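Written out below as structure tokens is the structure these notes cover.
Every chain is named by a letter (A, B, C, D, E, F, G and H) in the order it is written, and numbering of its residues begins at 1.
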Amino acid sequence: MTLKIYLSGEIHTDWRNQIIKGAADLDVVFESPVTHHDASDDCGVAIMGPEDKKFWHDNKGANLNAIRTRHGIENADIVVVRFGEKYKQWNAAFDAGYAAALGKSLIVMHGPEHQHPLKEVDAAARAVVEEPKQVVDILRYVLFGKLP
Amino acid sequence: MTLKIYLSGEIHTDWRNQIIKGAADLDVVFESPVTHHDASDDCGVAIMGPEDKKFWHDNKGANLNAIRTRHGIENADIVVVRFGEKYKQWNAAFDAGYAAALGKSLIVMHGPEHQHPLKEVDAAARAVVEEPKQVVDILRYVLFGKLP
Amino acid sequence: MTLKIYLSGEIHTDWRNQIIKGAADLDVVFESPVTHHDASDDCGVAIMGPEDKKFWHDNKGANLNAIRTRHGIENADIVVVRFGEKYKQWNAAFDAGYAAALGKSLIVMHGPEHQHPLKEVDAAARAVVEEPKQVVDILRYVLFGKLP
Amino acid sequence: MTLKIYLSGEIHTDWRNQIIKGAADLDVVFESPVTHHDASDDCGVAIMGPEDKKFWHDNKGANLNAIRTRHGIENADIVVVRFGEKYKQWNAAFDAGYAAALGKSLIVMHGPEHQHPLKEVDAAARAVVEEPKQVVDILRYVLFGKLP
Amino acid sequence: MTLKIYLSGEIHTDWRNQIIKGAADLDVVFESPVTHHDASDDCGVAIMGPEDKKFWHDNKGANLNAIRTRHGIENADIVVVRFGEKYKQWNAAFDAGYAAALGKSLIVMHGPEHQHPLKEVDAAARAVVEEPKQVVDILRYVLFGKLP
Amino acid sequence: MTLKIYLSGEIHTDWRNQIIKGAADLDVVFESPVTHHDASDDCGVAIMGPEDKKFWHDNKGANLNAIRTRHGIENADIVVVRFGEKYKQWNAAFDAGYAAALGKSLIVMHGPEHQHPLKEVDAAARAVVEEPKQVVDILRYVLFGKLP
Amino acid sequence: MTLKIYLSGEIHTDWRNQIIKGAADLDVVFESPVTHHDASDDCGVAIMGPEDKKFWHDNKGANLNAIRTRHGIENADIVVVRFGEKYKQWNAAFDAGYAAALGKSLIVMHGPEHQHPLKEVDAAARAVVEEPKQVVDILRYVLFGKLP
Amino acid sequence: MTLKIYLSGEIHTDWRNQIIKGAADLDVVFESPVTHHDASDDCGVAIMGPEDKKFWHDNKGANLNAIRTRHGIENADIVVVRFGEKYKQWNAAFDAGYAAALGKSLIVMHGPEHQHPLKEVDAAARAVVEEPKQVVDILRYVLFGKLP
């Protein structure tokens, strides 16, 4: 059994690396969005030409990024979505909704300060955790039945 | 042609009523989430018994609310999602993602100050508007081909 | 909004009637399995001829009953499954699994003595209750946002 | 042709090993739930923290286990569900219903004493057997057309 | 509960009328293929112009008839397929396969002389009967739980 | 049996009216795109504000029109696509492809001069005709089995 | 590009071998039903015990065979169905209907004497041929664009 | 992450080769239609025998080609559709509609002179480009997050 995991959400801390390193001995394959903030914002106009309006600048980029994120979610067995401390992070919640509608197993990661506003997202999840290590523990348990 | 519309998102202004009144002469049917904030928060424990932990208090309520919101989205032809000025509104973005995954026609409503953080949601939409009247104009156009 | 409800499971108490009466003022439509125990057991051979072996006697009947139960589950918005105090009730758990795989909103009803063996079924549910009145309360809340 | 098999149900006898050994020369891949009883019960709280209420203790664990069981069922060509002599085994019947709704080929294994209460589950199956060897015989026949 | 029934197969006896009359007091809606043999054979060329080759003459007609038969099968809750005594009746078996793949409840009607060659079709059915009255009995049982 | 028909394609002749009048006595329901050329081109900017670039002007309009056309195709039993004598008409071919992927019964209408370039579209159709009257003849045949 | 092919239908001539040999240099993978007639008839009772009635003898076998045939059809890119000169061959037509409902590319093989009774099956096919060599020619064309 | 790409549309320039060469260092797999014009036109009659009417000549060929094109589209992550300067190219627009209905990520390539008539197709796309290099840039960005 190989598990395919998509790591969605916050891009300003190294939580993805912590999970990937922690799961180095497991039969798992990870996909992620582009996490380089500027590239992610500007990819559309860099490839398809500039726009005067910020709306279309962003629209072109968001559509390109969607090629990658939809691939990641649609092919995943498990979608992990992390909400960080800053910013609106609506794309993270959007990904969670998208994954839920496809029946993916959803793991949500966030601190206790976000518990109430994330209650609808958490209610769609199979697990709600705070730390990357807990995601690794879950993957190890799902694959081997081993508790931490 | 009857259009079924689900009105998701912000619950602190009367945008739903403005759309419903504006569309009073149209062959449309609306569904909405429960917009009474306290009822929405407490429905789970009110019906199924109290919880010590806020997490489970919210979990019970969010799951009950999901019975209604999933019905609304899954049966809709068009899902309108409004992002207001306050709060995290992750459930609105979650609904947008859920609707997008089901291939629903999505209309997103928000002010210009939220354009950049909503770029992924907007990129999944057939229309991005600022005012309830524009939603009514769209419904009238879709039904009759009449411009405002 | 009309809600379509399928009432699955235990057939030896009058819980279905309690829900139907309690919801008499609501815009709901109910379907149920055949709850006459002998008819349910013997329908196959009564219509299609007798069998020497109990296995085929039961197989013919179970397949006929499945025409009705699958119709009920597949057309439902909400599937309510009640586990009573007696018998194996594997058909109730089977219906719950069937409903879960189709993404139906699932409400499970059982007494506290069955909590542990039903944990997998409960985990797939949007609500776990003990009494018919709670199901009526949920339906009323989902339709009107009114708490009991 | 590689057949993917999910072995669901009873965890107190070694029927899974008998099938896996008997099929050692066949092009088959097996998945199973976590069969260590205590780990399966406690995985949720071990990874995500303790709960005072047994219901939530079990809910956390059942949701984690569902990540594995849903993966197993959804990826399987054939789902084998065994009902043993003890316990309620509602999760086994739930898995059978889940598999049936997805159109999986279902093989049910149980002793003659459970024939009547399992009639709805058996009626959804392509084969009803009593012994692990019969499952191996079926796999061999499906792969090679060879009778035992 | 309204049941939608598609009556497929043999067109040379009045079995459809017998079922429709027998079910006159039931909440059922029937669809059938065009049962006028010449119209069914010639509809394509009558509307879209003649063909020299019998293959294309038949191809045009069969495609028109498929508009009606696919509508009937895809919208049905129950598909009844009758095999008569004469002709190849491959279209009946094709309809049965089509219905089975869509997960429709299938009732097969034929005499005992065709039991062996129809074994694969029968194995996909929820009921195998010989007489129109038995179909009516099944519909009445499914709707009301009443035995004949 | 009510047939739902979507009339896609060419908007410069009155073929839709000819079909609708010809079918006035039939149990059919028609949907169509907005056929007012200017409204169809300008709806996006009229409702959501002007654009400097023609690409975005058109993008906004095409997305609004898609709300109506996708509704029409997705709810149809039969999709009729007419190719006229002028213009590129790529949206007509796009609709035909969209309908084919959803398994809709497709009727294509065009003159003999377009036979070769439309061969892939025609090969996905159940009927290829030249005149509106032939579409009416098909609808009448599908509903009643009557030949013209 | 690897093509997965399921070879359904007549089992009394060596048409399958002719196709497999003819395609030996192509990137194709074949599946077939069990073509040993006695094994196919008796597999159910040989593994699961004898039956007095021929109907249940056949039912047990047909269900086991369905595990293999459904796997073959559901995983195929192309389903080839051959109708021979003898027997009713309703299972072949059933497989064709099953494949058509799943949107598989269907190739039908039969002699000219069966053209009229197979018109509905042929109308669902992408190709109708008479000889195994033509199937190989099609596979070679689909893979390489080379004509014979 | 391996990306599967289908290259649909215009066959008279070497744009496919430019993309394939430009992406030689990327983990991508390409499929294309048969691009040899005469083979594509005549494949049906070459394998299945001649036709007097051009319509059936083309019908036989288009159906064979559809085996390959549907495989390509249905298995793709990304469908690229190029519209060239000449011909009607309705099959390209048909493929775009087919891909859009399946939820594939669509990239449309065409010159500015075709912007207006392609507005509906462009509105269904994640990216609209003019040059093969831009497609390669998109693939490289989607795989690695690297801008050109």
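Keep this in mind: a contact is a pair of C-beta atoms (placed from the backbone, for glycine too) under 8 Å apart; a residue touches a chain by one contact, two chains touch by 3 or more.
Quantities reported herein were computed from a predicted structural model and do not represent experimental measurements.
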Query: Does C-E or C-D have more contacting C-beta pairs?
result: C-D
Message: Over half of the residue-numbered contact pairs in common: that is the test. Which of B-C, E-G or A-B passes it against E-F?
response: B-C
Field: Centre distance in Å when chain D and chain H are each reduced to the mean of their C-alpha atoms
entry: 44
Message: For chain B versus chain G, what separation do you get between their C-alpha means, in angstrom?
response: 49
Message: Rounded to a whole Å, what is the gap between the Cα centroids of chain B and chain D?
response: 40
Statement: So chain C residues touching two or more other chains come to 63, 66, 128
Field: Residues of chain A defined as touching chain D within the complex
entry: 1, 3, 77-78, 105, 126-129, 134, 137-138, 141-142, 145-148
Message: List the residues on chain B that touch chain A in their complex, please.
response: 54-55, 58-59, 61-63, 65-66, 69, 83, 87-102, 114-124, 128
Message: Taking the touch rule as given, give the residues of chain F at its contact with chain B in the complex, in rising order.
response: 31, 34-36, 39-40, 42-44, 46-48, 60, 63-64, 66-68, 70-72
